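Multiple structures are listed underneath, in structure tokens.
One chain, chain A, links the two complexes that follow: it is found with chain B in the first and with chain C in the second.
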Partner chain A sequence: MDTLLVYAYQVAFSFSIFILISLGLAVIFGMMKVINLAQGEFIMLGAYACVVCSAVGLPLWLAVPLAGVIVGAIGILVERTVIRFLYGRVLDTLLATWGLSLFLVGIVTTIAGPQSQSVPADLGGVSLGGLQVPAYSLVMIGGACAMLLGTYALWRFTSLGLIVRGTMQNPEMARALGTNTSMIYMFTFGFGSALTGLAGALLVPLFGAAPTMGLFYIAKAFIAVISGGPWPLLGTLSASSLYGTIDGVISYAFSSVLGEIAVLLVAIVMLRLLPQGITGRLRKGL
Partner chain B sequence: MKLSRRQFTKLAGGGLAFASLPLTLSKAGLASEEPIKVANILDQTGGLNIYSLKQMKAVAMAVDEINAAGGLLGRPIELIFYDAQSNNQLYSQYATQALLRDQVHAIHGGVTSSSREVIRPIVQRFQGFYVYNSLYEGGVCDRRHLSTGMVPGQQLDALVPYVVNELGGKKGYILAADYNYGHITSKWLQKYIRDLGGEDLAVEFIPLDVSNFAPVIARLQDAKPDVVWSALVGAAHMSFYRQFHATIGKDNMMLASTTYSIGREHVELTPEEGEGIVIATSFYDGLGTPAAEDFIQRFHDYTGETDYIGEYGESGYRGLALWAEAVRRAGSPEPEAVMDALGGTAVEGAGGLYTIDGQTNHTTMNIHIAVQDADRGFQAIRTFEQQPPVDTQLVCNLYENPNDTTQYVVEID
Partner chain C sequence: MQRLFSDFRRPSGQRPGAIWWSFIAVATVVVFALPQVLDLAQLLDLSVVFVLALLALSMSFLWGYVGILSFGQTAFFGLGGYVYAVAAMNWGDTTLPFLLGILVPLAFAALLGVFMVYGKISDIYFSVMTLVITLILNKAMRATSGDQYVIGDVRLNGQNGIPGVPPLQVPWNPTVTLFIDHVYYLSAALIVLVYVGLRLLLTTSFGRVLVGIRENERRIELLGYDARRYKFAAFALSGGVAGLSGTMFAIWGNFVAPEMFGLGQAAEVIIWVIVGGKSTLIGPIVGTGIIQYLTSWLGTQGVGQVTLVLGVVLVVFVLLFKEGLVPTLGSLIARLFGGRRKQGEAE
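Let's look at the complex of A and B:
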């Protein structure tokens, strides 16, 4: 078995999980500064949306993007009814989104039951240098990269992206220049939610959907975004690369327990050395 | 179930009476007798409720059946249910409430080992009696505690020889959940595998929130064991079975498990992902004996649910039946009398004969080996009759030390 290839795969897969679970948060928390404790539940909603879409007969490649759209719509609903009254009120947002997360877990458990569900990808395995890996995990890696690049391109190269960045940087100025900042906030929150829902749907074939699955991801998502620092996308990318590499290498070379420990340990040390995050010393940017 | 005002105030206070209908009681001539009270504390809500939902109903059914058949010692049983919401703090609160306010004769319930260890000291303190209807890692030595579920000694004593000798699983690779159940079970697995001349290539503990099994799958392909032993637990670990199926596959490597099917994993995975997994359990729905079929039919009629019941559901019924039989033998529901009558108390149940071992207050039972078929069901392989709780017997003797309350960890060399 080609050891280097095995390590490369472990790192890439772990990296893709970090990107998937933290990209939406990079938009919602990194750009908008909304501490969304219901982020894990948005992942869960995406997973369930994918399960439901498949159950009514849609193929997986349609169910996944549709799940993103559905969760995006839910995000907009949440922004209009809860979040928009709480911009700039950190503690209130924290409480409201925590309540929202409990509510979402409760309602999904009531409707779908406590057991986990899944949609099989039916792609089988492929051989990577002698190692059998699920073919679908390569789809996940590709999907994560595409989401990252797509988000970057949207913010960097479109005029909508320019307006969004301007609004996040200085809402008063943006408003003075005629931007409807309330709509921009709504759109950005919805977009972050859609990314999160998409991620949840992409996770389903290998990780399943369960009402409490958000708990598994929320801490890691915040760790990645916070240690990424003030550049939401570059920071999340570099933090995900760092943690993905550590997790992939240590988990394969030693054990999953040590992989978890190593990631948390590095996060602690890094926040001590770079309290502003990896991109803390750079000029402001994406 | 309609809520009376009395039930509503109980619900508001944390407990809910699952009492039999007044009609049942008057038919059985029990309406005017003073009830024997039983508490059942389980997780109707919260993350762990998947283990409790069937058990709640199975216990209620057992109570109803006893009441309809004339009650216990000529008195009706009143069941008070408390929803601990998957929260150990509530287990402590409700156990206290059940014993002090509601003055119950016995507490049933608790799912996790941690919830059991919350309840036991409270039962000691207020001198009650506690029936724990869940499989667990073994070793609890406590006169006020009765375990009616499987312990590793019973289960592995049947499963490991079958897999190692008859399926040829000499080289094993153990994956276990990273908490006391997984640690203790993996030690027992190692001991049984080595005693049979097999080899345990590695033991890996997986934290309960880890769902990325890519590193594990890669190491399995390096190590090339004959069989993977899974003592994995919970929603995150379900993804192991998915990732295993998508890569190595059970045609190339056997998969045997101490926990699979107990959390209804086989219902949640696709049939292909679960097909071929070998399990050992004290009850599963496909058992096919007349007693099992009869139990399943009654449960379906009682609840209106037709999905998989499984070990956790049946063990609630089993626990209440064993306790009720001990009450009959003692001629009294009082804890002291019941405890004296436990040893040798036996009930013919859905999984076979259940007999209480008085030395340990654990239960001797049949262990059934089964393998999952292509339709999410299980094919019976063999039944090992009357497996005693050998592991706990090694460390616990309540006849000699009636005041013992320790949970022993069996040292294995």
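Let's look at the complex of A and C:
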């Protein structure tokens, strides 16, 4: 029973990390078809925004959402200066955002230095089936679920969500109906960036902030969104559950590197079996 | 002159003309005469440009002519280096390790090809998946710092890499090893051979089908060609060339490290190819030279963050000079001379 509880915790933990790092990408890549290789650096910016906000004295529960807002604003700036010239040129967005990612790593290293920084959560530990886990990790798992549900609700139940989905599906028709699609693209990119920044800030108390931290997340994020398939949220959710389970179990039983390699192997085999992704055969969804 | 430049631009499937051959001959003579005027340090710098240009060639062959952007080239590059290092240090002999440094990455590319090319995943997913594979290999290699990660007698050493990779021996006389200037001659010979080889390959019927796939894959399939087989072969071949580059890199520096697989390395290859121009094979070689010398110059100027500059270069080229330097220059000159020729014809 205890072992089961520990495994359940490990799986939930890996799952929430997958959700956190890939949710923003599900919006930017899954919905907008912009291959954002600077995604990892947006996570890094969120983490640093959180570190800076705490350094000026803000409590963590305020610093985290503020980090989301800051990265969202940066995302809008990036969309206006670079991305908006590249819609429809998928490969070029990939290359340009890669340049952006190198630039961001360089500039943050110059300003903040290469060393890692962190913000303690000070919530103490919880005993779970004999395993001591930081209580903050439960907050993080809750945060990930809230972000997922919130995003789903925003797209599914609000009129703004309807306009966004319509614009992504058929921009010309949306324009003909009087929607300012350029603004919608800008908003969606900013929203995806904000989710990513929020994720980075949520990760800080456990993983810290360093200029090159984006590297550790970018591969997992793309694996989750790509094998999710055409329905960004549902796909990312199901892929995160699958890979979170594999990663959680194997990481706990053997080592975290082996967990990641296992995730990669499964991802490659999955691409062979389900080239359209997990949700490729569903007819409609989000 | 116009003929010369049109020979460097996208091949029409025709065999290159006499002008191109004489250019190759002149370039070869110049490259092999350079050791007479350069000192050893300069030769060392130039050799690594040739070695890395092989990597750039393997990428631009796939990207510019088959239309597949593979970030896996860096993975094959690193794999080639590591295979040579581990095998040569275990066996003492270097001829077989040199060949393995080409063949193992080729086989790995073929294995990936079975899943990805035959899985018919779309081009863009192909790019992202190869990138992911490179990252994971890098991560796995970084995690091998413990004593238990040993292949034969060689410790993998994780982050620190493997120092003291043996220099290449002359196959028929293992007591003689290659010195800096010999490595220069070897890498110069390889870059000329691989460049000419790939250029001629593109004029064969195999090469024409590859270019056809880039232009319109559906049409090639309707014409009765199995596009997957051609893509698979091209991917494996370029994996082999990237492996050769990695092997030569290990020989050049007597050192392999996980950075060979890294995102930084992958980004640099992309930048060489983009700056030089992917629609030619000569462009990436030029791009490699320019960026290599630019980064070492920036290093001496005390610019701490070279990646920052490289990032800006990449964004600017993607937004403003999509074609890259060589094709842009080429079409400029061709237009200049072409214009004059047309006037001549009118007279």
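Please note the rule applied: the second predicted complex is superposed on the first by the 284 of 286 C-alpha atoms of A that agree within 3 Å, B and C clash if a C-alpha of one lies under 4 Å from a C-alpha of the other, contacts with A are read in each partner's own complex, and residues count from 1 in each chain.
Note that contacts are C-beta pairs under 8 Å (C-beta built on N, C-alpha and C of every residue); 3 or more make two chains touch, one makes a residue touch a chain.
For clarity, every value in this text was computed on a predicted model and none was experimentally measured.
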Clash or fit: how do chain B and chain C relate after the overlay on chain A?
clash
Which partner does A:Ala47 reach: the first (chain B), the second (chain C), both, or neither?
neither
Tell me the contact category for A:Gly99 with respect to chain B and chain C: first, second, both or neither.
second
Which partner does A:Leu131 contact after superposing on A: first (chain B), second (chain C), both, neither?
first
After the superposition on A, what does A:Val257 contact: first (chain B), second (chain C), both or neither?
both
Which holds for A:Pro275: it touches chain B only (first), chain C only (second), both, or neither?
second
Using the touch definition from the top, say if A:Ala199 reaches chain B (first), chain C (second), both or neither.
neither
Regarding the shared-chain residue A:Leu215, is it in contact with chain B (first), chain C (second), both, or neither?
both
Between chain B (first) and chain C (second), which, if any, makes contact with A:Ala267: first, second, both or neither?
second
Touching partner for A:Ser118 - first (chain B), second (chain C), both, neither:
first
Could you pull out which residues of chain A sit against chain B in one structure and against chain C in the other?
106, 109, 215-216, 255, 257, 260
What residues of chain A sit close enough to touch chain C in their complex?
35, 37, 82, 85-86, 90-92, 94-96, 98-107, 109-110, 215-216, 218-219, 222-223, 226, 255, 257, 260-261, 264, 267-269, 271-272, 275
Of chain C, residues touching chain A in the complex:
69, 112, 115-116, 118-121, 124-125, 127-129, 131-133, 135-136, 139-140, 143, 263, 267, 270, 274, 304-316, 318-319, 322
For chain B, which residues are in contact with chain A within the complex?
45, 47, 49-50, 53, 178, 204-207, 209-212, 214-219, 221-222, 235-236, 238-239, 242-243, 246-249, 264, 267-270, 272-273
Under the touch definition given earlier, write down the residues of chain A that touch chain B in their complex.
1, 6, 9-10, 13-14, 17, 106, 109, 114-118, 120-121, 123-125, 130-137, 205-208, 210-213, 215-216, 247-248, 251-252, 255-257, 259-260
